[in-house]
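For reference, the structures are reproduced in the following blocks.
Next come two complexes built around subunit A: one with subunit B, the other with subunit C.
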Partner chain A sequence: MALQDVSGFQDTPMSHRWNTPASLSGDGGVPLHFFIPTPQSSVPFRCDNRHTSLSSLSTSSSLPTRRPFPLSHGTTTLAFVFQGGVIAAADTRASCSGLVACPTAQKILPIHSHLLVTTSGSGADCMLWERILAREIRLYQLRHGRRLSITGSAKLLSHMLTRHAVTDMDLTRSPVSDRCGPKLFYVCSDGTRLQGELFSVGSGSPYAYGVLDGEVRWSLNEEEAISLAREAVYRATHRDAYSGNCVDLFHITAQGYCRRDREDLREEYHRERERVLKRGKERGKKEKLIHV
Partner chain B sequence: MEYLIGIQGQDFVLVAADNIAANSIIQMKQDQDKMFKLSDKILLLCVGEAGDTVQFAEYIQKNIQLYKMRNGYELSPKAAANFTRKNLADYLRSRTPYHVNLLLAGFDETDGPGLYYMDHLSALAKAPFAAHGYGAYLTLSILDRYYRPDLTRDEAVDLLKKCIEELNKRFILNLPSFSVRLIDKEGIHDLEKLMPVGAK
Partner chain C sequence: IMFTTQVYGDNGKMKEYHYTGPVEHRFSPYSFNGGTVLAVAGEDFAIVASDTRLSEGYSIHSRDSPKCYKLTNTTVIGCSGFHGDCLTLTKIIDARLKMYKHSNNKSMTSGAIAAMLSTILYGRRFFPYYVYNIIGGLDEEGKGAVYSFDPVGSYQRDTYKAGGSASAMLQPLLDNQIGYKNMEGVQHLPLNQEKAVQLVKDVFISAAERDVYTGDALRICIVTKEGIKEETVPLRKD
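For the complex of A and B:
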């Protein structure tokens, strides 16, 4: 089948060789062998022309590719675990230096019914790795007859990313596994992999942490958790120039994920202004609104 | 930003590491364990560049376990330290250098306790006490002053507490908690986490 050919899968026994980080050869016999576009194939940024003939899938991907400019992570994404599962929220602004390239980007991508990935950093890289991860998890499921565990998929992703550490992205994976309960991992392209109960990633993350750190508890109910996540993204988009537009919210439980409608944060801003005005009037004195 | 410390006694090694996993100015995780169990009586403490630490430490950990599977016996702490050093040195001379600072602590039946200090240039030294990180600048003199080779377990823990209080007082970064473990002939023991309170 096409998928089988692309992934170089052959009918070999399941035993894996020990692979050291630097010696993974382009051997199609290892079941965990992935086809990953190596930096050699992206010619414009190569700084070293010595390696002209390489086997396509060998590990010389470790040649450092010089970046044409530093990439920033203009986004706010967050996820936290509570008694009702996992909430993941993100803004929808895709920025390109000072330009809002797309006001309706989707930063939370479902991999399968119980696994979501929130992305931050280079949009193209995130899109690519999300698809590669989805493919690898599906292949694992076909080969072994069971879904790869959340911890396993986090480890798989982090190992795949480490070898391509020139890319620049953070992913928070918010899955729920029926077997082990809700889990949340932060995976970064520099190889970091952390398990936790609350993560926020991107340029707006300090603002989101400010709202979340005081309020997130295990015992939140679903409504409170959703409104807290929305508030955190709203506050971050208010202060951070590179986050904004709308907020996407996903809630994952043991039954799968469910997605709320995308909400425009401009309306939230106007609603809040009205609330503040009303409070001022109720107190019976004129309030001088300071606008930023 | 990160801190590791090890103190060797007559028949034990006491090691401690901070628990913060940070990303630029944000503390991503406050309960990160930076110690990796290489075998029943060997611990590897690893700090350094973000992804490199876990990748390198797990690579060493799995290879030590593989050695045991293949040969039926475990590597001694000295052998494990030298194996780690050789690997780090080889990677330094490759296209994928790992930037990590390590402490390796273990107990050997014949040689007794051992603490090995390894830095990111792959220099290995057996030492009675050692520390990594900016905190080392503040605490090595304390260790120099109060260390004796015949420290008891309680005295070693007190010495460790002295070091951590000094960090709490003088180090500008907040390191709120430290994992502590002790290795002796019975194996690896988890001691209670040290959490310095308030400023003096």
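For the complex of A and C:
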């Protein structure tokens, strides 16, 4: 790494992966692992449909060529802050106007050990901007000798997005454990950048908000927070047609992020049915299960 | 965030029978030439298969236009969609492969080709190549690899993928037969080469039955460490 040598950056390679600094001055000595996106862990993928060719090309040069294929983004992603750090959860269905293009997409991408991005929107855009962001954060780190703060990286991302006027993209960034504790930002391609403690993005977000708004509090413990996030995604996938398949859960603490195994929500559905049947039996009358 | 799809009219189709109002005709830079591509990755092999029909609207331009292109000794790409963009894209990929070979003195690996293709496609984010790509080949360890793309460059590695006009029909069948999805209590047998080739043939025969843009013949490219073997199987011509 030429810039690294020139800047005299202290960097001890910790693993076979690309250089991960052992410590950064003034950051409490927490190692910062950069995540290099590999093809296995890519984001939602759009559009496998057969198409019809488009019928009109606008004559005015300001409008872009209308694509013959739709790029769509139905999804449910959520993140919230609590006393134990930040929980980020998302479904894994990548859909494209009615077809499930990929049932095992990954919508939460780690940028480095303390920064995750949940993505919603066009898959190619999310993949690319996430790589660009990782590169910019790494360059900042090499040039200035310290990690870019979470607020700073949210600002960087939102300025890059607005400048390039990328359409249809929303990212929730769930970073943690700055010197200032856990932070959560919502960044949108139209330039919105909001800090908050609870965000949910995507077509299934209204359903997720319904579950989360009632239960999220600062004093949750880790188990409760994880099961709450899972419940919210499950309810959203149940009601929203464009969300589904599995749920990905990430938990970020001061030590870094840890990822739970991907859970198939079909199991959750069966558990729910058993619970409902049991409750019906206890009440002594037959429970009629209505599925909408 | 809701999806943004709009229903586009189609240049190739006939107008509705009872429509009598004014119709605006504009030049469209895109056209849809049909075709289906499929790729399956095994333990030490990869299969890329495509039909060979080139159509436009109600016409068939050619019955012998395969959509698999050999890139290196270990990688084959299948491109379906707009034939003009398929040709240009494969030319660009070939040129980039040569450049890489000359500057780095080795062939590009499948993973590297996939990453490069993603950036090539995204370079035209606002006037995309109307091509559905699937790359099949062997990775550095000799295992089968399939990379599937969307038209603007989003990609991921899969075990199997169908793309093109009949993809919505073939993908669920592959999910069931290769991925053993939605089957309870079934033993998951690893896929061997003969079974995979037979499955691909059966799947395309079914696709030709129900998809008008798929048919005529099937070209199968089997990539193993010995090289690339090609096989042609006739399909329905109607």
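Simple rule for what comes next: the second predicted complex is superposed on the first by the 218 of 292 C-alpha atoms of A that agree within 3 Å, B and C clash if a C-alpha of one lies under 4 Å from a C-alpha of the other, contacts with A are read in each partner's own complex, and residues count from 1 in each chain.
As a working rule, a residue touches a chain if its C-beta (ideal position, glycine included) is under 8 Å from a C-beta of that chain, and two chains touch if they have at least 3 such contacts.
These numbers come from a predicted model, not from an experiment.
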First (subunit B), second (subunit C), both or neither touched by A:Gly74: second
Which superposed partner A:Ala101 touches (first subunit B, second subunit C, both, neither): second
Contacts of A:Gly214 with subunit B and subunit C, given as first, second, both or neither: neither
Which of subunit B and subunit C A:Ser120 touches, first, second, both or neither: second
Touched partner set for A:Ser158, first subunit B, second subunit C, both or neither: first
Partner chain(s) touched by A:Gly196 [first = subunit B, second = subunit C, both, neither]: first
Partner chain(s) touched by A:Gly145 [first = subunit B, second = subunit C, both, neither]: neither
Partner chain(s) touched by A:Gly284 [first = subunit B, second = subunit C, both, neither]: neither
Dominant toucher of subunit A (residue count), subunit B or subunit C: C
Contact residues common to both interfaces of subunit A (with subunit B and with subunit C): 64, 205
Subunit A-touching residues of subunit C, taken from the complex the two chains share: 1-6, 8-13, 24-32, 81-82, 111, 114-115, 118, 121-122, 125-128, 130, 132, 147-157, 162-168, 171, 211, 213
Contact footprint of subunit C on subunit A as seen in their complex: 39-57, 59, 64-75, 95-97, 99, 101-102, 105, 120-128, 168, 170, 201-203, 205, 242
Subunit A to subunit B touching residues, read off their complex: 18, 20-22, 60, 62-64, 158-159, 162, 165, 186, 188, 190-194, 196, 199, 205-206, 209
In the complex with subunit A, residue positions of subunit B that touch it: 21, 23, 25-26, 28-29, 32, 49-52, 54-55, 59, 62-63, 66, 91, 94-96
